[in-house]
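Quick heads-up: structures coming right below.
Same chain, two partners: chain A is paired with chain B first, then with chain C.
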Partner chain A sequence: MNKKNGFTLIEIIISIGIVSFLSVYLLQIFITAKNLNEVTYDLDNAVIVSKSVMESLSAGEKIGPDSDDIILKNARKLSDELIYTVKLGDDFQPVDSDFVDSSYIMNITLDLVDSSELSNMGLYNISVDIQREKPYFLKSSQNKEIYALNASKGLLLDIGGDTSD
Partner chain B sequence: MIKFKTRTGSSSILVILLVVTMVVFGVLAMMSSYSGLKMARKTAQWTQDYYELESKAEIMLYDIKNIVHKSIVASNTTNQDYWTSLNRALQELDSSEVTLTYDSDEIIVKGDFVNSSGDRFLALLTLENLASDTDIAIEEDLIEINTWKLIPREVEYEDAIEFKDLEVNIEND
Partner chain C sequence: MEGIVELMKKNNKGVSKVEVILVMILILLMGLAVFTLVVSSSDTYKNVIDEKENLSNLRIAASYIDNKIKQSDEQSSIYIKDNPINGEASIVIVQRVDNENYETWIYLNDKMLKEAYIKQDQEFTDDMSFDIASIEEFVPSIKDDIMEITISGNKASDTFSKRYLKINLKSNEG
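Right, the complex of A and B next:
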């Protein structure tokens, strides 16, 4: 009687064959879903952070250690021009890249289009772009741009900080 | 209850059921992820559109601020000169997007900016004629922003899921 119970070796081999054949496609579906979730997370956060920077600058926050905005406070000047970079962690908060691996890089570029000495104001073209440093799961492309936001704003002429690496 | 004569092949049925279940969950996961991504992309696009239109209004505001400052300097701090100078200088801004309404007490500047997607940005500013000469010193009060907002286009909801679009996007990512 016991001989009739359970699975035969042939059945198990066939089952394993079917599972291994279909699991390739199944895994692709799950990996795609995981990557799509990550792309959504990155894009949502990049939009929030970019908007936050844009509004802080609009409200008159200066870039540099004196700023109340945590991202602008951690911005480092790259060159003599008004180009700043901020290293962001997994949670889109600024990190000290000397101690913690950063996941994203935010570049803030201020381009002075027109200035008025009378009002001490300048018209700036502001560009904020966020790049992902690490590739997505099973993908190879690094430093992929997630989001870029451009705007023109009238800001104070001394908006740029004096921090530099 | 159905009684089978033999149990041969039952393991294959179990495996097929398992695979079908996983495929269903996988497709559901991908559909929900993709609809989330579509919403995120829409928000990102709206934000870009907003700042594109707001930039035009910001340029208008910057020009008005400069005109006000120039008028103050040119007026020798007398109210009449300031108002005359301001009236004259503001005429430069009059265009298809920026309209000016002059009054004895105030000037209303209306900026109505439209982009290619059909979104409108409305900026309404009021420049008041000052009651006394001393008020000219208070520059912050010279320009009053009454309206500063985006009027979005009508949104059409699409229920259909476009899988062909998904393929392209995954490859790009």
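Right, the complex of A and C next:
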């Protein structure tokens, strides 16, 4: 009997099928892991940056060009209401407000609750939220909120010059 | 004529050289595909784990520093001093326990954020400390009421990043 060694075409097609299936599955796992790491990076940074802004405001920092805080210094007023916005780059540091390709946007909203003429102080509800402008890899959703921090703090009524463009 | 038919029958037996080469190429390609898959997967896996570790170390360091400062935010208790081990700026927290002053040193040495808890007059050496997290940069400073701390992860990593912490020291206000 003539005994044949080697693989048949069917065996090779099945092997290629298994390898392809594994590659697709592995690729999916790695894309998910990469996106999860990016979500962690965003959340870590968003928490630290939001807390830092809140701490700076508590310490009496102004919002606008007069501020010593680099993020508050770059804040731009959106409307007549006390809503400020800061564009952030990949490293969560402020970029120019005209820069169209920013990675994140921080919104700082101040809402006066009670003012005191005597102390020149006002109690404000402060809300800081950070949104991601670029979608995650192979995801379509944009402008996703990463983190929001709310607090009530007493601030000086003069909260900085008008920085609207 | 019979001779030619006989020859054709002979040639149809077994496999031709081209067939053998094609099958060999196919097997080689498959082997290469499997090898590439294994190598690229292990590379990607390593990168993902490195990034995770980097992020985790930065998170632990930031959270630890923030908690420690907030817990000890009392009048004349938080200072920035150069440590005697490598001369770099460190955070020193002074606490009074049973009429004796104790110091908590938070400093960076050998790419490791460390904490040491010693008596104020005690000589401070590196073996008195324990490790907090593996980071490469730790720069604390105090300006007015605000303590600013810069920490950064593994600089060789593709995912190198810095964190800028700000803590409002209530004890320095007024």
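Just so we're on the same page, the second predicted complex is superposed on the first by the 145 of 165 C-alpha atoms of A that agree within 3 Å, B and C clash if a C-alpha of one lies under 4 Å from a C-alpha of the other, contacts with A are read in each partner's own complex, and residues count from 1 in each chain.
Convention: contacts are C-beta pairs under 8 Å (C-beta built on N, C-alpha and C of every residue); 3 or more make two chains touch, one makes a residue touch a chain.
Just so you know, these numbers come straight off a predicted model, no measurement behind them.
Visitor: Looking at the combined model built on chain A, do chain B and chain C fit side by side or clash?
Guide: Chain B/chain C on chain A - fit side by side.
Visitor: After superposition on the shared chain, which partner residues are touched by A:Val100: those of chain B (first), chain C (second), both, or neither?
Guide: In the superposition, A:Val100 touches no partner, neither chain B nor chain C.
Visitor: A:Ile13 in the overlay: touching chain B, chain C, both, or neither? Say first, second, both or neither.
Guide: A:Ile13: touches no partner chain.
Visitor: Examine A:Ala33 and indicate which partner it touches, taking first as chain B and second as chain C; both and neither are also allowed.
Guide: The answer is both, since A:Ala33 touches chain B and chain C.
Visitor: Looking at A:Leu138, would you say it contacts chain B, chain C, both, or neither? Reply first, second, both or neither.
Guide: It touches nothing on chain B or chain C.
Visitor: Once the shared chain is lined up, is A:Glu55 touching chain B (first), chain C (second), both, or neither of them?
Guide: Only chain C; A:Glu55 stays clear of chain B.
Visitor: Let me test your reading of the model: by the given contact rule, A:Asp91 touches which partner, first (chain B), second (chain C), both or neither?
Guide: It touches chain C, and chain B stays clear.
Visitor: Give one of first, second, both or neither to describe whether A:Leu22 is in contact with chain B, with chain C, with both, or with none.
Guide: both
Visitor: So, does A:Ser152 touch the first partner chain B, the second partner chain C, both, or neither?
Guide: After superposition on chain A, A:Ser152 lies in contact with chain B alone.
Visitor: Of the two partners chain B and chain C, indicate the one touching more residues belonging to chain A.
Guide: Per-residue touch count on chain A favours B.
Visitor: Where does A:Asp69 make contact in the superposed view: on chain B (first), on chain C (second), on both, or on neither?
Guide: In the superposition, A:Asp69 contacts chain C only.
Visitor: Between chain B and chain C, what is the shortest CA distance in the superposition, whole Å?
Guide: Scanning every C-alpha pair, the shortest chain B to chain C distance is 5 Å.
Visitor: Where on chain A do chain B and chain C both make contact?
Guide: Comparing the two interfaces on chain A, one with chain B and one with chain C, the shared residues are 7, 12, 15, 19, 22, 26, 30, 33-34, 37, 40, 44, 51.
Visitor: Which residues, counting only chain A, touch chain B once they are in their complex?
Guide: Residues in contact with chain B: 4-5, 7-8, 11-12, 14-15, 18-19, 22, 26, 29-30, 32-37, 39-40, 43-44, 46-47, 50-51, 54, 114, 116, 118-119, 121, 123, 136, 139, 141, 144, 147, 149-154.
Visitor: Which residues of chain B touch chain A in their complex?
Guide: Chain B residues touching chain A: 7-12, 14-16, 18-19, 22-23, 26-27, 29-30, 33-34, 36-37, 40-41, 43-44, 47-48, 51-52, 54-56, 58-59, 61-62, 65-66, 69-70, 73, 170, 173.
Visitor: Spell out the residues on chain A that touch chain C in their complex, using ranges where they run on.
Guide: It is residues 6-7, 12, 15-16, 19, 22-23, 26, 30, 33-34, 37, 40-41, 44-45, 48-49, 51-52, 55-56, 58-60, 68-69, 91, 93 of chain A that touch chain C.
Visitor: What does chain C use to touch chain A in their complex?
Guide: Against chain A, the touching part of chain C is residues 23, 26-27, 30, 33-34, 37, 41, 44-45, 48, 51-52, 55, 58-59, 62, 66, 143-146, 159, 161-168, 173.
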